[in-house]
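Residue numbering begins at 1 within each chain, and the chains themselves are lettered A, B and C in the order written.
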Amino acid sequence: MSTPFLSVRDLRVHFSTEDGMVKAVDGLDFDLEKGKTLGIVGESGSGKSVTNLAILGLHHKDSTTIEGEVLLDGQELLTATERELEKLRGNKMAMIFQDALASLSPYHTIGRQIGETYRKHTGASKKEARARSIEMLTKVGIPQPDLRVDDYPHQFSGGMRQRAMIAMSLVCDPTLLIADEPTTALDVTVQAQIMDLLKDLQQEFGTSIIFITHDLGVIADIADEVLVMYGGRCVERGTKKEVLRAPQHPYTWGLLGSMPSLDGPVDVPLSPIPGTPPSLLNPPSGCRFHPRCAFTEQVGGGRCSGEQPLLELTAGRGAACHLTTEQRAEFFSDFAGSAGAAGIVAEAGLGAHHADRRD
Amino acid sequence: MLRFLLRRIAGGAVILLIISVLVFFLFYAAPRDPARLACGKVCSPETLDLVRHNLGIADSLPVQYWHWFQGLFVGRDYASFGNCPAPCLGYSFRNREPVLGTILDRFPTTVSLSLGAALVFVVFGVGTGMLAARKQGKAIDKIASSASLVASSLQIYVVGVFAVYLFTYQLKWLDRPQYTPFSEDPGAWFSGLMIPWMVLSLIFTANYTRMTRSQMVETLSEDYVRTARAKGLSGRSVFFRFAWRGAMGPIVTIFGLDLGVLLGGAIITEKTFALHGIGDLSVRAVNTSDLPMLLGVVLVAATAIVVFNIIVDAIYALIDPRVRLA
Amino acid sequence: MSLSRRNFVVATSVAAAGSMVLSACSSGGSDNGGKGSNHGGATEYTGAEVEIGTAEDSKGPAPEVPGAQKGGTIYAVAEDDVSHMDPQRIYFAYNSSVAHLFARALTGYYIDAKGKMTLVGDLATDTGKASDGNKTWTFTLKDGLKWQDGSELTVEDVRHGIERSWAPFITEGATYVQMALTGKGSKWREGYKGPYGGDHLDSIVTDKKKKTITFKLKEARPDFNFTLAMTSYSPVPEKHDTKEKYDKKPFSCGPYIVKNRSIDKSLTFTRNKHWDPKTDPIRNAYPDNFEFEFGPTGLASCDRFIADQGKDQQMIAVYENIPAERMQKVLTNPDVKKRSFNGLSSGTYYYAINTKRITDVEVRKALNIAWPLEQIRRIYGGESAGDLATTVLSPDIIGREKFDVFGKLKKPAGDPERAKAILKKAGKLGQKIVYAFPQRPTYDKTKVVIENALKAAGFDPVIKALNSTDYYDQAQRIDNKFDVMWFGWSPDWPTAYTMIQPLFDGDAIGDGQNNISQTDVDWINEAIKKNAVISDQKEAGKAWAELDKRIMEEVVPIIPETYQRRFYLHGSKVGGAQYDPQFAATLIYKTYVKA
């Protein structure tokens, strides 16, 4: 394996709050190669967004402690100065946020917001920046870009805003793009267009993408590799095919089970994961998923609540669970047969679009 | 913009009209008889009638109001004072001085006091608030926050008396508060208003500090501010280029209203420092059942508020492109 | 006293006349709460003696104030501007006090260093000659009287001043002379429209050559010469009578002329070179200028006096009492205290008992005995706030005698046992008493001690707090439902007639009138008529004092409370500042600037 473009080792992100220490990310490792897409999936509060804010250094410095190692193209990010980070942000690494309306300044024109990034990192003139903004708007498919460049975000439609956001993040040809649920707020047709756009742009620029979502369908569409997070930890990792076709962690099964699919039988009821995401202030002992897991008895011996399962990777594939490999295979085939997850599983291999999937 | 202004001015005029009607009729709903107050110790019914006639309040209320209203546009003729040209606000019941003239005479004092204090509290209040927000959680933030909490609970008449005692009589640093017209002696104008400005702006400064800080903190947690940082902008330029735009909207709104209210007379401050402004005038008008003066000062105050409301809305549209003037 | 503060009724309307803080103009309208501590200042002053002076006493110049020197400027400070400067429109003590500088009248009071008052001829050569059973009064003008432009002040100017009281725009002044001249009571305006049409009153006869002016009264007025000392009866020159505008800039016959006036802000006087001190037995006029500054609150100006810096060293407070908050500071600081002086104001504060509702005189006695005077005064500020009252007449009244029918000076806190015993004997234990007062912070406090005292004495008190703005309108309504009402009265000149008649004459009962105890007793009515025509004021004084005592013994229509005290400060470079018993103010015309 070549040297990964982005390498995260034992990342820990802890917030101190009035109630105590919140361990938002508690020991995370992953690598990302150039031009590839890593999908990070998990419920809200699983630590997926925090991970990426930490990579960019956008967390609140005063109340957050970060440990571990993040190497971007050989540069250590966690120990980098704010100045160094500023040079990287928007330039080498860029981010697309979920809610483009809230994430774009209402007080500045689209053109200015795009151009600002460009000027900051290239030292271009206002005129050049404007030309670049129009170019970027054209690239992301905004009609009449030379006119719309002077519009304010509220004058754009939701999809256009997200395109503008993408234009803004790609304006400096970043090598790493972090997309934090970029399509969640959009309706399905637009969502599909945005996904296509991202893929096209990735091809064009050779960008590495970290794609954060809670939606396995989106993962199926775009990711090369998948990382499933639960309670601030990685519970399963593998290629898209591996994770979606043969998931090994009961939580991943749960995610699949809570996913509707038009391809599957209509009468199969959705089965959401029982219980609520864990408190990160007082995380459950042992396996953090155990209070919601249906298989603790099968493991037996109180291991699930007493002993933290380790993520053992074989060629980048593995899951953190006390179930044996055999048990996992057995229980998953039971699960896959009964739940509507089969559709997704089927699709996963094909990388089909989910243009018509409800969210 | 022009349409906006015309509409708002017309709306403002209607509001002023309603206010004048309200003040006029509420005045007579109170148990006081302004005629009784200008009638002698042995107030015979005959004398009382004379007083009513002299004051022009012998007619029925609607007629009285109509006369007053007419006076605004075509002037009025008074038996004892001759013609009062439009816009005529009448003559004070208390001292038979022309209301408009008195208000115009008093207005520069109130304008000097208000604008000076406003400058102080905007510069210091917003400045300190920005600083506190920038240094969130640091010592300077905590000092500014607690100081503003203390300051905002102070009473002007207590602080005022104390400030004069300390700065004028004990330390002898500052002149005793008094108003000298700027045109007469700018130096005296400035030094005489120093203490009133400080005292009047103190509570406002505290409020603006807190307001600015919380607005800034709120804005700093906005997604678009995070986006700006994700673009590689420095914390500093994010703070000053992005965040303040969001924070300024509410502050400008409050500031406009505060200034409008202040221009209607800073009653307690004017009273505390014996400044002869609109506030002092309005207190006297209320205390002496001086209806024409009361109507006059209320209209001035209301006009100031209406005007500043319009200005605020116009400025808001400049700050926030989402707001459209209509 | 020449109409000092008008009665307390008008005191509320001081507001109308241009005051926001009522204390500035009248204790009646003011909130005297906590007027100071018990430290008591110089409280030896108990009232003015009043005498009627001779022609010799009426000759100028006024005796020199020891150590006084001419020149400089005296600064005066007050929260409020004077409400009127047209003499005919002046009734308030504060206005009258300032009017001393530019207005004179036929008579006036010479006040000596101890506060003793002597009625003297001011413009007139003496205090007037009465004839025809006090129905005809003749005065002769002195020589050398001049207006500010050097023209001669004539008897016609005196007549014009009085006649213009009938002008429709003059509604605020005193009306005693008008009523005496017409005999029409409150309908005195009928039949005469004032001098502006060229008409003159038949009842005033002038002789320009002899310089005499004769008043032919419809009613006998033995104290008419006191009445004429009121500012309302000052002369006005016809040639310079600007009618309504005269109020803004009056023409001076006194020692100073109005130089500048900025209403509500400042008023400056400068020496009138045509005023001849040799004609004036009352005024000294040492400073070259008086400069009044209006606006500072009592607290602010008091702090300026205490700081005593710059021009404030030459400053006096004309009518601005030391505020309660600073009383202790003033009295405990010897340097400041020596710059203070005080005196009793000319009226009596009391509680009127509605005799039509509380018909049993025993109950009224029990109320007097139970009333907690000491506690009330403590709320006002203790001894420095004033003296306890036991009589109707205030100490300033000619002939007034001190008596204490109910032993209040021995038991000022009230004697609940004795009151209870009287009630029990009268079979009135548990008598309901509706107590009404104007709602102000001070009276909200005094009502508590009153309520407690009444309960302790076996009454059933019902407390009625009334809106202070229309308190008098309510209290003066004869069909009101109050048993005991907070009230007070200041006389217009120091004869008892001006207190007893309006308060206890059966003819003075009616809505808007001041006999709110509704006392209508034949022997009182007759005594008032009889005493009113006694020529010799000393003799009259004796008769009034007897009547005062008999009223308090046999009718008990009021509960006397206090004769209130006023404290004033002046700057360290002011000499000659003393208390003016006539107007309860600073005696402005004796002040001088120290070297």
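To be clear about the criterion, a residue touches a chain if its C-beta (ideal position, glycine included) is under 8 Å from a C-beta of that chain, and two chains touch if they have at least 3 such contacts.
Computed from a predicted structure; not experimentally measured.
Chain pair with the most C-beta contact pairs: B-C.
Averaging Cα coordinates per chain and for the whole protein, the chain whose average falls nearest the overall one is B. Rounded to a whole number, the gap between the C-alpha centres of chain A and chain B is 54 angstrom.
Separating the centre of chain B from that of chain C, both taken as means of CA atoms, is a distance of 40 Å.
Once the centre of each chain is set as its mean CA position, chain A and chain C turn out to be 90 Å apart. Contact residues of chain B toward chain C in the complex are 30-32, 34, 36-47, 50-51, 53-54, 80-81, 93-97, 102, 161, 164-165, 168-169, 172, 176, 271-276, 280-281, 283-284, 287-289. Looking at the complex, you find that chain A touches chain B at residues 56, 58, 62, 82-83, 86-91, 94-95, 97, 99, 102-108, 113, 116-117, 120-121, 152, 154, 165, 168-169. On the side of chain B, the complex with chain A involves touching residues 136-137, 222-224, 226-235, 242, 245-246, 319-322. Only residues 6-7, 9-10, 13, 15-20, 79, 81, 83, 91, 168-169, 171-175, 186-187, 189-190, 243-244, 247, 263-265, 293-297, 299-300, 303-304, 306-307, 309, 467, 469-470, 473, 492, 512 of chain C touch chain B when the two sit together in their complex.
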